[in-house]
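Structures incoming, each one as structure tokens.
Shared between the two complexes below is subunit A, which pairs with subunit B and subunit C, respectively.
What follows is the complex of A and B.
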């Protein structure tokens, strides 16, 4: 029984963590919390089902096609919803513009795909019970993503350029870094990470247009718990959230588990407003 | 020609004399509030096939005392606002003689009072109990079960046939899911059963393992489901199979939705699942429907597509049109009070969906004994096999 709850909690938590990383990746280069993150996760499931089940593509091709489509959508988001409002970040117009794009994605999916959940294929066909692939695939995807991002940010030129933009946008531009292109690249990367969340968790989430708001919501909590922009914090926050949520589902069930999750969330933020792994922002005076 | 008082009087008299003759030939206008498009369109599409079939059959046989039946459809798209507008149009401009629909409770809640003010004869199949109240809405009649009747049928099967005394009641987090689960749990407790868990689960919750573990640990002998979410139901069924648990699932008609078949990991996961169904549209061990509907199926063959809908929707649509036609035939009038008065006198009227009985005090016409449980995975041409345990 404990194993079942652990497997379920880690799997769901890994999906939330990946959505948290999606938020962070977009935030790092633009200082914008883009509310399209959950919809990218939803599309990961829907497009995966479309390419593999409906169009009959092999799994690796379906995965690549899904990641590519969502990366493209990430770029479109940057162009239509983020770039126009960057000059007035203090007015928080990005909340409206990214929410509008998120709604567009959701409604378009409902119209063109289905308003009912659709099946998602088994990918590797490995494992049963608590070792079923639907439980370990999201965890593996999450681990691969965090390792890949660590490698990117530490050992590649492009990754270091991302970090430079995230650290100090103006200084990075002054040094001649192509800020706009890097921002677009980070949105494409975020699109792929979001899609991977939905694809790896597709057997749990199914290909359902209404998954977007759920992922938006629960994907934001790891960001707040782990500290804005902190991917390692998001992973730990996401996994803890998943475990706590599934334990609460077992202990108190249904609606009350959501109450428990958000009560804990508020308590953590009251104790550490910058998140568990975030540092208070320093301001030069 | 100069207009004189005598001339006017003669003209008025002539018009007055002519009016009954016009009424005798005027078609019987039935307004049909149908959510033909939108997310809840599946039932209306099925009902519509029955409505059109019945109207064509009546008209082909010469109509009702020479009067044709005219169906005036308005697509409400499942939107209560559009349903209100269409109702106003039907009452004020189209001047229909009776209205069939709407076919979902949300719309019906919005239009019932409007129809009552206009004393418009109205038949609908919506389940919310408060939609039927002969004192407030003497014009409104229900020809399908109410929520309470569904609840009674599920509880009866669970306690008396499945012999489960400890139940887990699960609903989704919609308004319907919460109220239905609460009512169901309260009724089970009233009947002496033990509700070991009651939960409302978000339909998009990715994994149901903790909820099912909770129910099993509490000793549930049956899981009672009140949700229209096929995704949630399929996840629960897959989890049950993964746990190696054979507890029966009993409840809402959505348990038998074709969508479930596409979402479960393997067909066996859909066994021991019993959804609300109807005697008239359930086949027995030999694969036969009740004789009246077996004959209807023969007649509809090649004319009405039943592969992607449910027989009860089609049969109910036929009954609605025929109930209006029979009222006009019996009373010879299309006046509101004539139609309503006739319906109030019906006793075991033999419809295709059920035998309806109404009185001035009770407008829930569907007999609770006709609500049965179906084996959810046995769908065939819109009909289902009876769940095990029925004689």
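What follows is the complex of A and C.
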């Protein structure tokens, strides 16, 4: 039992961590938490199933098409729901505009795809039992994403520009960085990361339109606990959350595990609103 | 009360509805009434306090299940329907506070997320707790006694409840509680400086909204006659939430129209029923991007009327005596050895300062010398690491900005903090919030004491506006004022407290020469009523004109202190700050 808790816990944990990174990637360039993060994960599963099972595309092509579609959706989100409300960030209109876009995505999927969970294809066909690919694929995807992002942020010019914008928006713009284009690029990147999460976790979560809100919530928990914009916190928090949730699942049953997660989340947040690794809020006056 | 006719027109339509004789309409109209009972409470949270509580369907579900379980007798002897409804409302009130608590600590998005999470949890529990809730199979709803057991009878009952909710929430919205909620939404800092305690106020509103939502849930279960977890989808939550936003923030009529509109929409456009949530979401996006003010903004024509072009601020100092009264004994507010460091920077490095009532005390110094920081320490926004403060001999506790107004310490801000969507008069009335004695329930029911207090507060606010020279602008929306007028409005708001001490943070910044002269004479007149004024300023002329004492700060320390005449010739001050 321990082995299956570990396997499934790390697997869903990796998916949560990736959704957390999706939140952070969007947040870093725009200071906006977007409700679309979970929907991107949901679409990763749905589009993967659509391209590979329904349309019969080969796996790599299907993956690329899924990532491209979600990246495009990320850009659309930025243009439609984020850019228009950035001027008045303090009014929190982004909460409403991104919620609206997330719901549009979710309900369009429900109406055009299916309201029932649909199967997701086996990708590599490697492994059985606790070593089944559905358990290790998300972990591999998560590790690859972290390495990729580290490389991007540390060794490429674009990545450094991202970091600069995230660190100090005004100073970065004063230095002549194309803030708007970078923001769009970061939303595209976030779209791809979210899609990868759903794609890699497709065999666990299936291609189901209602995965969006769940991923939204469980992906948000590691971000909130780890501190906004902190990818390391998101990964550690995501994996811990996955393990905790699966352990509770096996021991006391699904409903009580979600109640336990929710309660724990609220208590930790009330005790430390800025997250476990975040800095306290800045001055207000 | 000129705006009463839309409500009466709606009520007349609602009362005449049974003439159609169509019970299908009775069902729709009853549903609209029930939704409005919930939305009326939610409106106070979302529309007035600006807290984005998205998952309110959870409270509807709690109310529906509590009422149904108690009347169905699955856990105990069945109760009469009205007792069950009452207990449901009480349960909802408790749940409302629990759901709302995170709003006191968490940022907007976090709070939205926690209410969403709560909604999911409640649905899951109703599914899983089969012995009590019937799980997926469901449970019969309560049935009311005659004459409420017919479609039209029940409709009239729900309509009655809806009317009471409209009346009560409108009363609350017009009271000091309603103004305080809007102040929390638009300018939390100004609200704190006026002594508004956010936790207590929000807790009361969450209590009310939770009770209303759960009561609506009980009625909802009665209307459905049988409830399953499927009845409480997130789509319903969305309907409630969007009804408030379509209606517009800070309005009662707008959300009422929004609720009616959204309840009717799927009925009128039956082929679109499957797309209804999609449409709600599209509507939400359009509202946020195109008409953030909602229906209320479209209806509000007086807000767009042009203000007179050639208006000037002419303070009338004669009114100050009746406004803030005379002070007998002169008290002292003193700071001893205050040290405050941000990380490695010692913003204040051991400051001693004595403010005396009846004097104007100027605080000057170069940028970054710690002037505003000192002011923030006094008004409780910063907690110094060392040193202490006393007010009239008693200790003044550090921190706790919301406690300052009660001690008679008022302030203004470097950038005016106003509530843009409220009128100038309401903005000024905010300043007297701590003086209110009538309670929450009195405000809800608009009892005589509440009404008398409200009238007195409005009269005094007009007096304050006259005194600072904004008498003609009382009914204008605050966000349409010029910068200089906002500065004087803030002073009027501070005067509403009848302050013992008044702290002004660069009140002359952005004012014309003529306005600065009037400001100077106003400040002087205020201090002559026995108010201790602390003036942080860069305009050296103004400082030397009106101050009785001047303290010069440099790098967080007192460089010099004395009368204006002494400071003007102080060598170090001249070289560090004033220039030759």
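One rule holds in what follows: the second predicted complex is superposed on the first by the 276 of 285 C-alpha atoms of A that agree within 3 Å, B and C clash if a C-alpha of one lies under 4 Å from a C-alpha of the other, contacts with A are read in each partner's own complex, and residues count from 1 in each chain.
One rule holds for everything that comes next: a residue touches a chain if its C-beta (ideal position, glycine included) is under 8 Å from a C-beta of that chain, and two chains touch if they have at least 3 such contacts.
Remember, it's a predicted structure, so these values are computed and weren't measured experimentally.
Once the two complexes are laid over each other on the shared chain, residue contacts for A:255 go to subunit B and to subunit C alike. In the superposition on chain A, A:47 contacts neither subunit B nor subunit C.
When the two structures are aligned on the shared chain, A:115 is found in touch with subunit B, with no touch to subunit C. Using the contact criterion defined above for the overlaid structures, shared-chain residue A:97 touches subunit C, although it does not reach subunit B. Within the superposed three-chain model, A:206 lies in touch with subunit B and out of touch with subunit C [touch as defined at top]. By the touch criterion defined above, A:85 reaches subunit C but does not reach subunit B. Of the two partner chains, neither subunit B nor subunit C is touched by A:26. When the two structures are aligned on the shared chain, A:182 is found in touch with neither subunit B nor subunit C. Judged by the document's definition of touching, subunit A residues 214, 255, 258 lie at the interface with subunit B and also at the interface with subunit C. Put simply, subunit C touches subunit A in their complex at residues 52, 54, 101-102, 105-110, 112-114, 116-118, 120-121, 124-125, 127-128, 188-189, 234, 238, 245, 274-275, 277-278, 280-282, 284-285, 288-289, 292, 372, 376, 381, 413. Subunit A contributes residues 1, 4-5, 7-8, 11-12, 15, 110, 115-119, 128-129, 132, 201, 204-206, 208, 210-211, 214, 246-247, 249-251, 253-255, 258 to its touches with subunit B in the complex. Across the complex, subunit A is touched by residues 39, 173, 197, 199-207, 209-211, 213-214, 217, 230-231, 234-235, 242-243, 259, 262-263 of subunit B. Within the complex, the subunit A residues that touch subunit C are 33, 80-81, 84-85, 91-93, 95-97, 99-101, 103-104, 107-108, 111, 213-214, 216-217, 220, 224, 255, 258-259, 262, 265-266, 269-270, 273, 283-285.
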